[in-house]
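Each structure below is given as C-alpha cells.
Common to both upcoming complexes is subunit A, partnered first by subunit B, then by subunit C.
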Partner chain A sequence: MVKVYVNNNEVEVSQDALVIDAVEKAGYEVPTLCYLKGLFNEATCRICVVKVNGKVVPSCRFPVFEGARIIVDDSELRRLRRVNLELLLATHEIKCWSCVRKGMCELLSLSKRLGVEGIPVCSECPLRGRSCLVLKGFPCLGPLTVAGCDAECPRRGSPCIGCRGYIMSEDVWVRALEEFYKDNVSLNELKSLISFFWSYLPQNLYRLVREVSNVEY
Partner chain B sequence: MSIKLTSEVVRVAGESEILVSIDGERVKVEYDSLASPRSFESLVTGRKYWEVPYVVSRVCGVCSHAHFWASNLAIELALGIKVDEATSTLRDACNKLQILQNHVIHLGFLVLPDYGYSVGNDKYVSTLLKVNRVVNEALRLLGGRLTNPNVYVPGGFTEDLKQPVIKRVVNLLESVGNDLRELANIILSIELPELEDPSPEYVSLRNSPSVTVPVEGPYIIDSSKNTYTVYENYREIFVERYLDLSTSKKCLMNGEKVFHTGARARLINYLKGGSGLSSELRYLIARYEPLFKKNPFSNIYAKIIESLLIYENLLQTLSSLDTGKLSRVRPGNSFSGGFGVGVVEAPRGLLIHYYELNPEMRVIKADIITPTVMFSKHIEVSSEALIKGLLASEEGRDESLVKRFVEALVRAYDPCIPCAVHVIKMKR
Partner chain C sequence: MSEALELGSGTRKISELIVRVPLASCTLAAGASKVLESIEKALGKLGLEARVKKTGCMGLCYLDPWIELESRGLPPTIYANVKPEQAEGIIRRYVEGDLSGALAVRSEASGFKGVPTLNSLPEWRLQVRYVSRNCGFIDPESIEDYLRTGGYSGLKKALKLGREEVIEIVRKSGLRGRGGAGFPTWYKWRVAYEQRSDVKYVICNGDEGDPGAFMNRLLAESDPHRVLEGLIIAGYAIGASRGYIFVRAEKPLMADRLEVAVRQARDYGFLGEKILGTDFSFDVEVYRSAGAFVCGEETALIAAIEGRSRPRQRPPYPATSGLWGKPTVINNVETLAHVATIFQTGLDEFTKYGTERSKGTKMFCVTGSVRKTGVYEVPIGTKIRTLVYELAGGPPDGRSVKAVQVGGPSGGCIPADLLDLELDYETLQSYGAIMGSGGLVVIDNTNCMVDVAKYFITFTLAESCGKCLPCRVGVKVLGDILEKVASGTATLEDLELLRELGESIMRSSLCALGGTAPNPVLSTLRYFKNEYEEHVVMRRCPAKVCSRLVTYEIDPARCRGCGQCAKNCPVSAISGQPGKAFKIDTSRCTKCGQCLIICPFGAVVKG
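And now, the complex of A and B:
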C-alpha cells in the first residue's frame, strides 16, 4: 500500500493503482472520455488530466507513488480539459441531426459539463429522425445552435430559433447547409430566421449562407 | 407654490418618466416614455408569417402571451385560417394564466408596499411566490417555454396536448385556491385614497375577462356609452397622437376621449352582459362596481377580483376541455395577400396587432397598439385631479405626501411592472 494525498486528503491505495483510483477512493470524480476501467487506458483523450506534484498528467494512465500530492480540479485543469475537448470536437464529424446514437452521446454530456459550445441542439432533440422539422420543410435552427436547452422548442414541435447562439465551427455549418438544409427547406426562409437572433453573424459564416443560397441577406 | 416632480421609471424595455409641475393652481402631469425606438413593427417587416409571433412575443416579458396570441390571431385572419374551439379555449387559458400571474405579482410586490406591507414578511411573500411558481408551471405545460411561448403557430398548437397535461394544470391550480383568497382578503382590506375619476370612460373587449382571446374578428368593444365593432377601422377609434411635443404616443378614443382600459374597465363592462359567474363573484363585482366607476385607485381591487374570476373560470373551462378536438390548420397555397387585425385583452388592457401580408406570406406592414399607450393619458388626467384635490386640503402642503400619493396612483394602473417600482425625484 502507498499513501497519497488527494486535494490534501490522505488515502491509501495499492501499489499498482492508478491516480484515478486514488482520486475516486478519496471521493472525488474526474471527467473521463476514452478511459474504460480495466479495458482501456491508452490516455488518448486527455480529458481526465489532474496535477500530481504540480505536473499535469492523465489520471487514467499515471501510476501512484508514495507521498504523491494530487490536485483534482483548478482553473488551469478546467481550461486544459476544455481545450482538449475542443480539439476533439474539431476533428469529430458533427452531424447530430443524422447521428445514430440518439442522444446517448458522451461528447454532449461532457460539453455541457465542461461548458464547451460545439454540439448543436439536434443532439438533444427527440424529433431527430423521421419527425425532424427540417425534413418537414421547417427551417429549424437546431443544427446550427449550441446545445444545452434540452431542445426545448423542437421537443414541443416548434422550430429552434437559435436563442442560445450559433456554433462557431465552419465545418458544422458547411455540413448542415449542404447535406441537410439544402434539399429540405427554403434557404430564403432559413436566412430570414438566422437574422432573428444572429444578425451579427461572423463574416465567414455569413459568406457560407450567401454561397449556398445566392440571395442577399 | 411651484413644484416639479420627476421620476425616471424604467419599463421592461426602455425607460419612462412621470413629470409633475405644480404652479399655483395649475397642475400638469406628463407620463412619458424615454425609450429609444424599439421598432418591433419594422423588425417583423419582411418576415415570413410564422416568424412574427416569435418576434413580437418579445415586446414584453410580462405579457408575452398576449402579444403572441394577438399576432397569431391577426395573421390567421389575414391568411383566412379559422382555428377550432378547443384551440381558442386553450390559448385563452394561457393568456388568462399570465394575467393572473401579472396581477398577483403586481399587487403583492408593488402595490402592497405602498400601503404599509413589508415585502420582508415571510408568510405573505411565500404565498406570492407559491402562486407565481404554480402559474409558471401551468404556463410551461400549456404554452411551452416560459416568458416567450413557443407551442403555437398561426393555425394551431405545434404539439399534441394530452388530457393528463390538462389534468395536471387543473390540479396545480387547485393547490393555490386558498392562497389567492388570502391575498384577496389582504388587498380588499386596504383603505383607498379618495379620488374622483376625471374621465370615466372604460373600454374593453365584450365578454372579457371571461374570454380574453376571442376566436376571430370583428371584435366587439364596449365603452361606457357606446359599442364599437372594431376591425380595419381600429385606427379611427383608437387614435394615437404625439401630444405636447412629447416623444411618446398617447392614444385617445375617437381622437378626443381619454379612456381607461384594463382590469377595472373589464369588470365594469362585464357586469353589463357577462354570464357564467358564480354568485359569490357576481356579488363581489356588483358590490365594488360603484367604486370601480368612481375611483382610479380601485384598479387594485379590480385586479384581485379579476384574478378570482379568472381562477374560477380557468378551472371550469380546463376541466371540461377535450384535447382530442385540437387540430392544426395550415394555410392554403393560393394566397393573394391581405391583412388581419388581432385584438386581445392583455393584463393591462386592450392590445391591438395589425399585419398586412404579401402573396408570399411575408409581412409588408405591421402596427401594434399597447394598453399602456392607451391609458397613459388617463394616468395623467387622474394624477392631475389627485394633486388638485390634495392641494385644496391640508395634505397638499406636504410635498413628500403628494409624491407618495402620485406614485401609488401610477402604480395602481400598473403601467408596466418595473415601471412602477421607481421613486419620484423632486425638481424645483
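And now, the complex of A and C:
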C-alpha cells in the first residue's frame, strides 16, 4: 500500500493502482472519455488530466507512488480539459439529428458538463422514440440553436424557434442550412423562421445565409 | 595524420600519392562519385601509382566535393569544389609541387607556398573536433583505420573496469544526451543497471529527422565504429546482451556503413561471445526504421522495433520497462560516440570544454541563409553569433539575419538581437527554444516569420501519429489559424487563441512531439508579435512572402513592353500591346510570381 494525497486528503491505495483509482477512492471524480476501466487506458483523449506533484499527467494511465500530491481540479486543468474537448468537437460533425445515438452520447454529456459552447439544441432532445423533426421535414431550428434548455418543445412535436439564440460557428450554420435546403425549405420560409434573430445576425452569418440562398434560388 | 610520411620509409617512390575522396551521402549528392571516376582515369593517364582512399565527410558542406592529396615532401592539401574535369590538372600540378588553386594545407607549419593552413581558416580553427575527429580522415569501411587512430582502446579500458565504475566515469564526465532533451546519460544507465532482469537492451537512436539536422548521419557515415564502440560500452555498463542501432530508412548509406562496421567488429572479436576474453557477450543488429519522424521519440522507437508504431505514455520509462518489457537504454548516435571518445581520451580531455552544467562539445548543423553551410563541432556554451557569423560566414551579401531557428520543428526562433546567447540546454530552454539535435536554421530578412511558423507546423502536422487528441487536432487548428493569419483574414483574438492553444497542447500532449510542436509558433509569436499584428491589422506581409497579401504590379516607367510576362503568365492575367507598358489584372492574378522571375528589366514589383 502507498499513501497519496488527493487535494490534500490522505488516501491509501495498492502499489499498482492508477492515479484515477486513488482519486475515486478519495471521493472525487475526474471526467474521462477514452478510458474504459480494465479495457482501454492508452491515454489518448487527455480529458482526464490531473496534476501530480505539479506535473500535468493523464490520471487513467499514470501509476501512483508514495507521497504523490494529486490535484484534481484547478483553473489550468479546467482550461486544458475544455481546450481538448473543444478540439475534439472542432473535428466532430455535430449532426445529432441524424446520428444513431440521437444526442445521447458521452461526448455531448461531457461537453454540457464542462460548459463547452457550440453544441446545438438537438443534442439535448432525446427523442423518446419519436423521429427527429428536421429529418421529418419540419423546419426545426434545433441544429443551429445554442443548447441549454433541455429541449422540451421538439420533444412535444413543436419545431424549435431558436429562443435560446444562434450558434456562432459558421461550420454549424453551413451544415444546418444544407440540411434545410435538402428538405426544400424556401428562403422566405427560412427568413420568417429565423426572424427571431434575423436582424441581430452578425455579418458573417448574414452573408452566409444570403450566399447559400442565392445559389439555390 | 601524414600517413605517407609514416609509411614511406624510403622503399616507396617519391611520387607515391594518397588521394582522399569523401564518399558520404552529402558529397555523393554533390558529385563525388564522378570526381572519383575522373581521378582514377587521371591517375592512369598520368601513370601515377596512388592509393585512392574513400573517406567520410569533414562536415564542411559548402566545400563539397573536396579532395585531399598527400605525397612525400608535400603537405596534405585540400582542394574544394572539385569538378570532375579539374581532377587531372589538380593532380598533375600537385605532383609537380604547384599548389595553386588549393583551399588549404593540413599541416601545423605556417602557410606553404602561399596556401593557408587549415587551422588558419576560422571555420576550422574555432571548432573543437572532439567526437568528429576522424570524420573526413579515415575510411569508414575499414576497421584498421579506426584502430590506428586509437579505436576500441576505450572499450578495452572499459572492460577492465567494473560496471559501476564505468557508470561512475560517465557520471563524472557530466555527459548529457545529445539527442535533444539533455538528460544525464549516466542516470539512465544507472536505473537500467539496477533493474533485476535476465535480458536488457541498449538502443542507439539514429532516427534523425529534423529538417536541417544531419550530424548523426555524418558521424555514422564517416566514423561508424566510434558509434558502435560507444554502444558496446553502454551495453557492458548496464549488462545488456543485445543492442540495436535504429537507422532511418531514408539514410541507406548510414545503415550500410553501420552494418559493415558491425560485421568487422564481429570478425575482430569486439562483438559476440566473450568479448576480449571477458565473460561479457553482446551482439548488435542494425534496424532500419520505416522512417517516421515520431520514431525518434523513445517509446515510439521501441514500439517500431516491436512492430507497432506509436508512442505510449511514460512512466514506465524505458530504463525500467522498454523493449519487450525489458530494461532498455536509448542513447543518441552522438552521445554514444562521445562515450567512446571519453573512454579513449580520458575524462580531462572531455571536461575541459563546455559550461559548468553541460560539459563537452556538441555538433551543430548550420543551414539556411549562411555562406558556409556545414556541421561544426564547438564546445557547449559557444555563442550563437560565433557559430553563425564566424564559423558559417554569416548571411550572403545584402541580407541580414532576422532569427535563428534552433532545434528544428521542436525548437524555437531566437531573434537576431539575442544572438549573443550561449548555446546550452538551460539557456535555450529559458528563451523558448531547445537544443534539440543541434540544427540551426538561419532565417534572413527575406523570410516571413508567419510563413516560417507555418512551415514547421505543416511538418509536425504531417508527422503527428494521431494517437492523442491535443497533437492530432490541436496542431491542425494551429495550422488553420496560421493560414488565416497568412491570408489576412485573422483577427487579434486569433493571435491570443494561438498562444493559449499552443500552451495547452504543450501541457497535455502524450509525447515529446506534441509537447514541443507549438514551440515554433509560440517563439515567433513571442519575438515577432509585431509581424503577426501587421498581417492581421494592416493586412500586409512585411517580407512580402505570404502570397495572399502580396500584389504584383508592373512599373510603367521600367516596362519596355517586350511581352515576356504576358506570354508566360499561366492564367493570362497580363495584357498590353508590344512596345507599351503592360498591365496585370489583379483580379485574375494567382500570384505565382512567374512574371517577376521572367521580366528582364525588373519592371515587375511586389507590393
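Definition applied: the second predicted complex is superposed on the first by the 192 of 217 C-alpha atoms of A that agree within 3 Å, B and C clash if a C-alpha of one lies under 4 Å from a C-alpha of the other, contacts with A are read in each partner's own complex, and residues count from 1 in each chain.
Here is the rule we go by: contacts are C-beta pairs under 8 Å (C-beta built on N, C-alpha and C of every residue); 3 or more make two chains touch, one makes a residue touch a chain.
As the structure is a computational prediction, the values presented were derived from the model and not from experiment.
Once subunit A is used to superpose the two complexes, subunit B occupies space next to subunit C without a clash. Using the contact criterion defined above for the overlaid structures, shared-chain residue A:R156 touches subunit B, although it does not reach subunit C.
Taking the C-alpha centre of subunit A as the apex, the lines running to the C-alpha centres of subunit B and subunit C meet at 150 degrees, rounded to a multiple of 10. By the touch criterion defined above, A:S98 reaches neither subunit B nor subunit C. Of the two partner chains placed by superposition, only subunit C is touched by A:N84; subunit B is not.
Of the two partner chains, subunit B is the only one touched by A:E189; subunit C is not.
If you count the residues of subunit A touched by subunit B and by subunit C, you find the higher number for C. With chain A used as the common frame, the shortest Cα distance separating subunit B from subunit C works out to 33 Å.
No residue of subunit A is contacted both by subunit B in one complex and by subunit C in the other.
Residues 42-47, 49, 56, 58, 61-63, 76, 79-80, 83-84, 87-88, 90-91 of subunit A are the ones that touch subunit C when the two sit in their complex.
Residue ranges on subunit C touching subunit A, taken from their complex, read 312-313, 315-316, 467-470, 473-474, 476-477, 500-501, 504, 507-510.
Within the complex formed with subunit A, the residues of subunit B that make contact are 46-48, 51, 54-55, 144-145, 150-153, 157-159. Residues 152-153, 156-158, 161, 189, 192-193, 196 of subunit A are the ones touching subunit B in the complex.
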